[in-house]
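What follows is a pair of complexes built around chain A, which joins chain B in one and chain C in the other.
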Partner chain A sequence: MLAFKLAFKNLMGAGLRTWLNVSVLSFAFVIIVFYNGMIDGWNRQSRIDTRNWEIGDGQYWHPGYDRLDAYTINDAHQVMSDEILSDVKNKNLAPVLIAQATAYPLGRMEGVLLKGIDPEQIILKLPSDKLKPSDDHDYAIIGKRMAESAKLKMGDKLLIRWRDKNGTFDAREIEIASIFKCDVPNVDKGQIYLRLDVLQKMMGMGNEATLLVAGNGFQTRNLKNWDLKNSDFLMSDIDRIIQAKKAGGSIIEGLLLIIALIAIFDTQVLSIFRRQKEIGTYIALGMTRPQVVGIFTVEGAAYSILATLLGAAYGIPLFMLIDKLGISMKAARTTDLPVAEKIFPYYSFNLILITIIIVIISATIVSYMPARKISKMKPTDALKGKLA
Partner chain B sequence: MEKILLLTISFISLTCYSQPDANSILDKVDKNMSSKNRVFESEMTIHGRRSSRTITARSYSVGTKQSFTEYLSPAREQGTKMLKLEKQLWIYSPSTDRIIQISGNMLRQSVMGSDLSYEDMMDDRKLTDIYTAKVSGNETIDGRNTYILELTAKVEDATYYSQKIWVDAEHFVPLKQELFAKGGQLLKRITLSGIKLIQGRWFPTSAVYKDVLKEGAGTEFKMTSVKFDQNIPDYIFTKAALKQ
Partner chain C sequence: MENDAIIKIENLIKRFPVGKTEFTALKNVNISFGTGEFAGLVGPSGSGKTTLLNIIGSLDSPSEGEVIVLGKNVSLLTHKQSAVLRNRHIGFIFQTYNLLPVYSVYENVEFALLLQNMSGSERKKAVMAALEWVGLTEKVKSRPSMLSGGECQRVAIARSMVKRPEIVLADEPTANLDSSNSHNILQTMKNLNRELNTTFIFATHDEKVMKYLNRIISLEDGKVVKDLLMPDSKN
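The block that comes next holds the complex of A and B.
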């Protein structure tokens, strides 16, 4: 207890030097919490959006389908069994048929994916109910990215050309019935959604699908001739990106922390040099060397406690403000990553606790290292101000 | 009565004489256009919105299954090679020193910005193998009499479900082709010219391809030299030849 009292008395006595160290360390602390909070917030938002718009509660794929391999799309389609159709009817499964095509927006040529979905599905957030039954032509829905790249708006007609299951070209004009706003580029860029029955007819693939999206009411089980892909597998890309972002961020965080710790180390070395007589007096008064080392180590570690308090003092209002306003991610939306226009950081209790522990432990270690020198000091030399 | 019968028979005979059987016309077209193999050098002029550019290439092809093309100019494309084996297509780019396979959606992209897609270049079966034909009329194109043939696919895997083709009545070479989608939408128009007698067969050495769904003036394709039934070494049609 004496060590704590002395430590804080000495820190307050050091004045500006203490507050400079505390400020730098608190800055590192706030940045670590903020960056990790931002990545966690992005991760949460991406996972929720990907689940709602693309993968549901898991998917069943045609065994030949690979979403990363365009070569597989042509042959990856099969007839749905009665068991599957019953789940589709009960809205536990949403079948999706995928086909490749060429769109001709404004006389340009653009490769697109045609996706046939059940207009009555409720598993994905896609506004499939806007897919009206065909009259003199067919209706389609597209995402905002697709609409921007092809310069399309609601009610516009778009000519598409595709090859049916036998490889014969066919072409048709479709009308854009709705444009949806979605933060998952995988369900938007270069994709056109049609009614499942319409695409099945266009391709000559009656009652067939490429994949099935499971809803939360679906009892996960093995479906014959379909490969189950769980959420972990389907989100593995996002997880890898988040891990890479965290690893990249940890380098900056580490550098910031090192700068703050060097400042503490430097202060400790200077403090021990300038306070040799004080150290000699402590030992002469009967304190053991480890006790004196303890006083100096606690003094150094106290920087981290003050830094945490200072960081909380300006960090909490700042984080609350960011949480209210969000962080604009418009620049990152040009990539294929699922990013919302604004992301809201997520600060978990674990994140804050772990960051505090890292800051305190690292500050304690760098404080202890120069303080070890005290244990080698002779009290008489120390009292005279001579270094051992 | 006898006179009427005689006139009718004469008219039918004349009609039959002037309008030969559509399938025999198509057969003659195939005889001119198809060969065991061919080696040719070509100039492809692509008309863009702002400018036009010409690409020269040397190509080797055997039947409908194998073809190899090496781009000779401009400097930016020089050394780019393309190999087609059956339904697969590979491209070698000297700038990256990589061989990439073209498939799926990429096959539908245009070749170097032209009106030809990779998959257009890959489908070159004999017309008689794919279509049933009927003569729908006659027309004069650039002073040449032509038979207008309407072709409808007799196989399920025809690239174009139907075609309209104007065949030179003397040389049995197409002078114009219109390619249609299954739903009847006109997709492409090809205008052929520069008919020459080469190794005993009449062959068009120039063509203008126009993807009618796309804006632009089309793509001109001119064969500067063509040789049929040559001895082409087998190694040309291997992936190893792409990097040589």
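The block that comes next holds the complex of A and C.
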């Protein structure tokens, strides 16, 4: 306790030097929390969006289906059992049939995926209810990215050509019933959503599906001839991207922290040389060398405590403002990553606690290193202020 | 004097390494100090005064011989035991005051008591009493930078006396002070010596100090050349 009292007294007495170090360290602290908060916010947002728009609470795949291998699509379809159909009816499962096709927007040719979806499903956020039944029209919904790349708008007609299950080419015109805005590119880019029954008919695949999306009311169990893919598997790509981003970010954070710690180390080294008489006086007054080392170490560690407080003083209002406004990520939306137009950072208690612990431990270590020199100092030399 | 000796030095030799050779700062020193003495180690620079004072204060250790302070052989003390000896029984006064610059007068004086885990109210009482001895009760909140040299040395005296030590070691306490301040400081210490029966040992070559001493031990080249009692000292 005495060491803390004396250390804080000395820090306050050091004035501007203390506040310069504290400012640099608090800046590093705020940036680390902010950057990690951004990544966590993005992670959270993209996981929620991916879950809501694409994967639900897990999926069941046809055993031959591989989402990364387009060659598997042709053969990856099978009839849904009565058990599955019952879950579909109860809105616990949403079947999706996938087929490859070619679209001809404005006379151009573009490879697309046709996805048949139950118009009454409520598991995914796709506006499937816009896929109205009609005898003379086949309605489709597409995402904003697809609409932009194909220069399509609501009400436009689009010619598509496909091969049915027998390999026979067929073509027809579909009408764009709705354009939805979605932050998950996998759901949007190069994809056209049709009514499931329409696509089944087009393909000659009555009552068949490629995959089943489970809703939160679905009791996860093994379904015969369907492979269960859980959320962890389906989100593994996002996890990998987030990890890569975090690793990249940690280099910047590390550099910032190192700059701040060098400042503390430098100050401590200077302090120990400049304050030799003071060290000698402490010893003459009856302090043991470990006690003096303790004062200097606590002084260094106290920088991090002050930096935490200072960081909180300007960081909390700043974070609250960012939380309100969000950070625009328009540039990142051109990539295939699920990124919302605005990211709202997420600051978890763990993130803040871990950052505080890292900052305090590193500041303590860099303060202890030069302070160890005191224990080798002769009190008589220290009192004379002799440079060792 | 020998009977109630609180410091007993026998055959003390102190050597310092100088490059590859050694320099002998104290050569076979034999002296003792009794309770309540107001004694001085006098001699030119390099005669070994400060070295002897540092060894008595267990800031340094003998190369050979024995130094017994309050019944404890300083050569055999651990760092921690030395620290306890200095904290509880020995007060130091330095030529350059060595006050802690970021602390107030009150806090500088209080410092030694903080190490003794004394309660707040006891500390306050002791600090105010010490500041009263030196006449600085009105400057409790001042920082050392706001004080004159004489006032700084008074704070240093209060700091050394606040714990009521048996021994006070003063290394050239008047070297940075003018004549009037020197006399005031010495008078203060003399009064404390009389009132509290504290043993004061000075290292000095200041004539003003010598006038106050009851005993003058002259050192030359690390040897005691004279040890005189001064019955005619001031007060």
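One rule holds in what follows: the second predicted complex is superposed on the first by the 386 of 388 C-alpha atoms of A that agree within 3 Å, B and C clash if a C-alpha of one lies under 4 Å from a C-alpha of the other, contacts with A are read in each partner's own complex, and residues count from 1 in each chain.
Note that a residue touches a chain if its C-beta (ideal position, glycine included) is under 8 Å from a C-beta of that chain, and two chains touch if they have at least 3 such contacts.
Quick caveat: nothing in here was measured; it's all calculated off a predicted structure.
With both structures lined up on chain A, is it a clash or a fit for chain B and chain C?
When both complexes are placed onto chain A, chain B and chain C end up side by side without any clash.
By the touch definition at the top of the document, which applies to A:D164: first (chain B), second (chain C), both, or neither?
first
Given the touch rule stated above, what does A:G64 touch, chain B (first), chain C (second), both, or neither?
Touch partners of A:G64: none, neither chain B nor chain C.
In the overlaid three-chain picture, which partner chain does A:I73 touch, first (chain B) or second (chain C), both, or neither?
A:I73 sits against chain B, while chain C stays out of touch.
After the superposition on A, what does A:R172 contact: first (chain B), second (chain C), both or neither?
first
Please work out whether A:G249 is in contact with chain B alone, chain C alone, both, or neither, and reply first, second, both or neither.
Once the two structures are laid over each other on A, A:G249 reaches no partner at all.
So, does A:P127 touch the first partner chain B, the second partner chain C, both, or neither?
neither
In the overlay of the two complexes, what angle sits at the CA centre of chain A between those of chain B and chain C, given in steps of 10 degrees?
The three centres form an angle at chain A of 150 degrees.
Using the superposition on chain A described above, determine whether A:G326 touches chain B (first), chain C (second), both, or neither.
After superposition on chain A, A:G326 lies in contact with neither partner.
Of all C-alpha distances between chain B and chain C after superposition, which is the least, in Å?
Least C-alpha distance after superposition: 70 Å.
Can you give me the overlap between the chain B contact set and the chain C contact set on chain A?
Dual-contact residues (chain A): none.
For chain A, which residues count as touching chain B in their complex?
Chain A residues touching chain B: 70-71, 73-74, 100-102, 104, 106-109, 111-113, 159, 161, 163-164, 166-172.
If you look only at chain A, which of its residues touch chain C in the complex?
2, 5, 9-10, 12-14, 277-278, 280-281, 283-289, 291, 378-380, 383
Along chain B, where are the residues that touch chain A in the complex?
Contacts found on chain B: 101, 103-106, 108-110, 153, 156-161, 179, 181-183, 185, 187, 211, 213-216.
Give the list of chain C residues in touch with chain A in this complex.
Contact set of chain C toward chain A: 54, 57, 59-60, 79-80, 83-84, 86-88, 92, 94, 96, 98, 100-103, 107, 111-112, 114-115, 159.
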